[in-house]
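Each remark here refers to the structure printed beneath this line.
The letters A, B, C and D name the chains in turn, as written, and every chain counts its residues from 1.
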Amino acid sequence: MRIAFIGLGAMGLPIARNLIKAGHELHAWNRNPDRARTLEPDGARVADSIAQAVQAVEIVCTMVADDAALADVVWDGPDRAGVLQTLAPDGVHVSLSTISTDLSTRLARAHADAAQHFVAAPVFGRPDAAANATLTVVAAGPAAAIERCRPVLEPIGQALCVVGDDPPMANVVKLGGNFLIATMIEALGEAFALMRKSGVAPATFLDVVNSNLFRSPVYGNYGRLIDGGTFDPPGFRLRLGLKDARLVLAAAERVETPMPLASLVRDQLLSGVALGRGDLDWSAVSVLAAERAGVK
Amino acid sequence: MRIAFIGLGAMGLPIARNLIKAGHELHAWNRNPDRARTLEPDGARVADSIAQAVQAVEIVCTMVADDAALADVVWDGPDRAGVLQTLAPDGVHVSLSTISTDLSTRLARAHADAAQHFVAAPVFGRPDAAANATLTVVAAGPAAAIERCRPVLEPIGQALCVVGDDPPMANVVKLGGNFLIATMIEALGEAFALMRKSGVAPATFLDVVNSNLFRSPVYGNYGRLIDGGTFDPPGFRLRLGLKDARLVLAAAERVETPMPLASLVRDQLLSGVALGRGDLDWSAVSVLAAERAGVK
Amino acid sequence: MRIAFIGLGAMGLPIARNLIKAGHELHAWNRNPDRARTLEPDGARVADSIAQAVQAVEIVCTMVADDAALADVVWDGPDRAGVLQTLAPDGVHVSLSTISTDLSTRLARAHADAAQHFVAAPVFGRPDAAANATLTVVAAGPAAAIERCRPVLEPIGQALCVVGDDPPMANVVKLGGNFLIATMIEALGEAFALMRKSGVAPATFLDVVNSNLFRSPVYGNYGRLIDGGTFDPPGFRLRLGLKDARLVLAAAERVETPMPLASLVRDQLLSGVALGRGDLDWSAVSVLAAERAGVK
Amino acid sequence: MRIAFIGLGAMGLPIARNLIKAGHELHAWNRNPDRARTLEPDGARVADSIAQAVQAVEIVCTMVADDAALADVVWDGPDRAGVLQTLAPDGVHVSLSTISTDLSTRLARAHADAAQHFVAAPVFGRPDAAANATLTVVAAGPAAAIERCRPVLEPIGQALCVVGDDPPMANVVKLGGNFLIATMIEALGEAFALMRKSGVAPATFLDVVNSNLFRSPVYGNYGRLIDGGTFDPPGFRLRLGLKDARLVLAAAERVETPMPLASLVRDQLLSGVALGRGDLDWSAVSVLAAERAGVK
C-alpha cells in the first residue's frame, strides 16, 4: 500500500521502518529532513513537504510529540499546506500520537467535513517495543476505516485492540493506561521511601510483592529503575509524562469526572519538572517521595 | 511439633487445619469456643484457656483481627493469663496477623524480656488461599527463631519470604503490599469512571491494559469485581482495608515518611465506611469515584 | 473621557453604570444588544458593533466570561472586526475579566504589536460590590498606561492595587486570591462536616473561630452560606469557580509550581459540576464534604 | 478558690500566673520541679507530688503536651497516685490541653465513675496571649461544672465560649480551628510560591488580599512570617502542629468523616518534621511548597 508517514522521532522512525518491512511504499516527512533521510536506506521516499508526502496516498500516519505538533501538520501553516487539505477524499488519517480527546474529536469532525476518515490509534510501548513491533495499538474510528488500516496497524505491534467507533475512545484508553502506570510509579516511590526508612531494602520488598502478588512486568521494570535510580537515558521523559497527566485530567474534565489520584500524580510530575528532572525517565518522579521523607 | 493456635477466624481456621494436616499436634483457643470445636474432627485439641493451649508448646501462632485483639491475648487480662506469661522460656510466638509496626516492636521487646522469641509472619492472601495453602508468608525475626518456625510457616503457604531480623520489617512489607493493592483499586475506580463517562466499557479498557500491559492477576481480579459491582460477599472487608490504610500511615509516620497516595486512599476508604459500605469487599471503595463523577 | 465598554453581564453592567456616573461618555457593546439597551436610560450609547463602540475612544474596557469570550471580541471574527483591529494607536485595552495568565501575556504582546497598550485589571467582588463601587481592582501593565486608566479604574472600586508592570501579574494575583477563598470554602465544608458528626452546631463552631480568631468577613459570609445551605441564587457560580481553579492551576503549571491544595479544590468543584450543582453558588462545593461523610 | 495546676510549660506557666493574680490559692506541680519553683515568687505553693497538689482542692487544671502526658498524670503510675485517685469527690478536672476527642471521652467517663467532674477547656492562643490573658477558651462539660469553673476560666482569656455539655465537643472545636489555621498556612505557602515564580512579591499579594478581602489577623501574621522566613523562635512548633493534624484526623475518623484537606496538610507537616523543621514555627511547612516548585 502507498502510505505517508509524518513524524520520525524516537517512536515514529522505528514504526515507519516496520511499515516498510511489511511491504508498504512509504513517503516520509519530518520537520528535520536529515532525520527522514536516515530512513532512505530502508527504502523510504523522503518528501520535501507534507503535501508531497500525502498526495496520492490512501493512508497517512502521524506520530508527533503533542497536540500542538499534530495541529501544526494537519492544518495549513502560513507557508505550507497541511494533511487536511492535501489528503485525497476517502483517504484515512491514522493518528498514532498521544493526544487530547478534544483534539481527537475536532480532527474526526474536520476530516469528516473534508470527506476523509480519521482513526485514532495511539500505542503503548517504548522505543524498543516500536523497534521490535511489540507495541499495543489501541484503535477507534469508523469500522470500515479501521478495516482499511489493518495492513498498517497490524505489522507495528503485537496486539491491535479496537475499542470503539469514535476516535477519542482510543485516546482515552491510552490516557487511562498511562494514568495507571503513573500511579504505580508514584505508589512504588512512596512504598520504597517507607521501606528505606524502615530498614527494608526496596529490592526485597519488590521481590516479595511482585514475585508473589502482582506478577506484573510493569511493577518489575519500574521497580528496578526506581530502586537503582536509573533514570538516564530516559525510556519515557518525565516532561512527557506530565503532558499525559495533563491530558488525562483534561479528558476527565471534559466528561466531568474528578480523578484525585491523577491530580496528585500530576503535581508530583510537575514538581519533577520544576526540580530539573524533566528530561529524565518519568520514574524519576519517585525521587520526590524519597526527598520529602528526608531519605539520604 | 506441639503447637498452640490462637484465633480461628476466616483466616485462622483454614491455616490451623493445614498445620494439623502437616502433622503438628495443635492446641487451639478461640474467644468463641464453638468455633474452635469445629476443628476437633480434624484432630485439634481445644483448650479452655490461653494458658492451657500455650503451656508446654514450643511455638504459639496467633491470627487475630487487629492490634487490640492481639494485645488482649498476649498480655494478661483481668481474669486470665496471656501468651506472654504462659509461654515457656525459649518458646516462639509467631504472629500471623496484620498489625502495626509499633505493636510488633513492643512485642519483640516484651518477649525478649521474658526470654522468649517473637517472629512476625503476616500473610498475603484471602481465605481461599489460606485453605489452599497458597498464602505468601512474610517473616521477620531472629534468624534462629525463624528457622525453628519453618515447619509451621512452610506448610501454610506457597512462599516463605524472610525479609529481615527485626519483626516490624515483616509488618511494614505486608502493609506496603496492601497499600499498593489499595492504590490499584482506587486507580481502577477512577479510570473506570472516566471510561464510563467517555463511552468506553470498563471491561474493554481492562482487557486492553491488563492483557497487554500489566498482565497482573491483581488488576484482573479487582478489575472484574469493580466492573461487575460484585462486592458481596466480601473477600476482604472495606473496614479492614481502612484499618490497614491507617496502619500503613502510622508505620510511615513513625519513620517520618509522608505518603500522600496512602492518605488519599485512606480518605476514600473512610468515606466508604461512612456511606455504609464497611462490610462490602474493599473494592467497593471504587463506587465513590463513580458517584463523585455523577455516573448513574 | 470617551470610553468603550464591552460585556454587560452581571458584573459588567453595574461597573459600566458607575463609569457613566463618573462622567465618562460610554459606548457600550454586548453580544445580546437588549441587555446593552438597559443602560441607555443611564446615558450609554449602544453600539451596533465592536468597531462602532471602539472607534475614536481612548480606552476600551472588557468584562466577559472567560478566555474564549475575550479572545472572541479582541480578534476579528468571520464577520466582524475585533478590538485589536479597531482600537486607535496609543489606545488602551483594560481587561477586567478573570482570564488566564497565558491569554494576558498574548494580549500584551498583540496590543504592543499594534502600537496599543494593554492593562490587566481584574476585580475582586460580587455583583453587589460592583453596584456599590466597592470592588478591589488589581491592575498591572505599563505604568504610563495605568496612569491614563485611573479615571476609569478608580470610580469602580474602593481600592486600586497596582501590582506590577507586566499585565499577567494582575491576573495571577486575582487567581491566587480566588484560590485562597476556594480553599477556605473547602476547609469550612470539611470542618462543618466534622462538627455536625461530632454533635457541634456549625454556627457555634463558626462563632468561636471567626469571632475570636479569624475575624474575617470571608469566613463569616461563606460560613453562613454553608451552614444555611443557601446556595441559590448564586453570588458566584460554582462552574465559574471551577474555571478559576483551572486557571490558577494553568498559571501555576506555566511557572512550574505544583499546588496540591488547588488540585484538591479543583477536583471537588468538578465533582460539584458533575453532580448538577454548577449553577449554584460555589460554596455549594461544601455539600460534597458532608455527603462523603454520610451527613444526612 | 483553692486550685491545683499541673503542667507549667510555655502555656501553663503564664496561665497559672494569671490564676494567682486573680486571687486563687494555687498548688502547682510540674514534672520538672525547678520550673514550678519559678512560680513561687508569684505566690504559688509548689507540691512534691500530684497527690499533694490535688488533695483538698476543688478544681484541678491540667495543661500538658499531649494525650500521653495527660494520661500519665491522671492515672496512677508505678510509683505515684494520679489526679483521678487523689481528687476529692465532686472535684472538677479542667483539661486545658489540646488532646484527642477519644481521651476526652474516656476522661469524662473515668471522672464520672469516680463521682468527679470533667470539663474540657482547650485554648486558642500562643504563649504571649496566655501571658496577656487574651486566650480564647473553648469549654464543654456538664453545665453546673462549667459554672463552678468560671472563676478559673474567665481570668485567663478574653473570651470563654461554652460549646456543649459533652467534653469532647470542646476538643473537636479546638482541633477544627487549628485545622483551619493549618490550611491557611499551607494555602499561603502555595500561593506565595506561585507569586514568587510569577514575579510578584508575596508581600504585594498579601497586601492586596488581606487588606481588601480577608482582613484577618491570622492571614496577616502568618503571611508575614512566611514571607520573611521567620520561623525561629517558634510561636507554635511544627511538630505540635503535626500532632494536632493527627488529632483532627483521628477525631474525624472516630465519627467517620473524611477530611482530604486535613490529610494533605498532615502530610506536609510530616515532611517538615522529616526534613528537620520540627522545632521551627509551624508556618515553616510553607518552605516545602517553595522547594517543590524549585524556588531558590
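Just so it is clear, a contact is a pair of C-beta atoms (placed from the backbone, for glycine too) under 8 Å apart; a residue touches a chain by one contact, two chains touch by 3 or more.
Note that the coordinates shown come from a computational prediction; the quantities given were computed from them, not determined experimentally.
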Comparison of B-C and A-C (more C-beta pairs in contact): A-C
Most distant chain from subunit C by Cα centroid: B
Provide the C-alpha centroid distance between subunit B and subunit C, rounded to the nearest whole angstrom. 53
For subunit A paired with subunit C, centre-to-centre distance based on mean C-alpha positions, whole Å: 37
Residues of subunit D that touch two or more other chains sit at 252, 256-260, 264, 271, 274, 292-294
Note which residues of subunit A are touching subunit B in the complex, please. 101, 124, 136, 138, 158-159, 161, 163-164, 166, 168-169, 172-173, 176-177, 179-181, 183-184, 186-188, 190-191, 193-195, 197-200, 204-205, 207-209, 211-219, 248, 251-252, 255-262, 264, 289, 292-294
If we count contacts the way the header does, which residues on subunit A are in touch with subunit C in the complex? 246, 252-253, 256-260, 263-264, 266-268, 270-271, 273-274
Subunit D contact footprint on subunit A (complex, rising order): 260, 271, 274-276, 288, 292-294
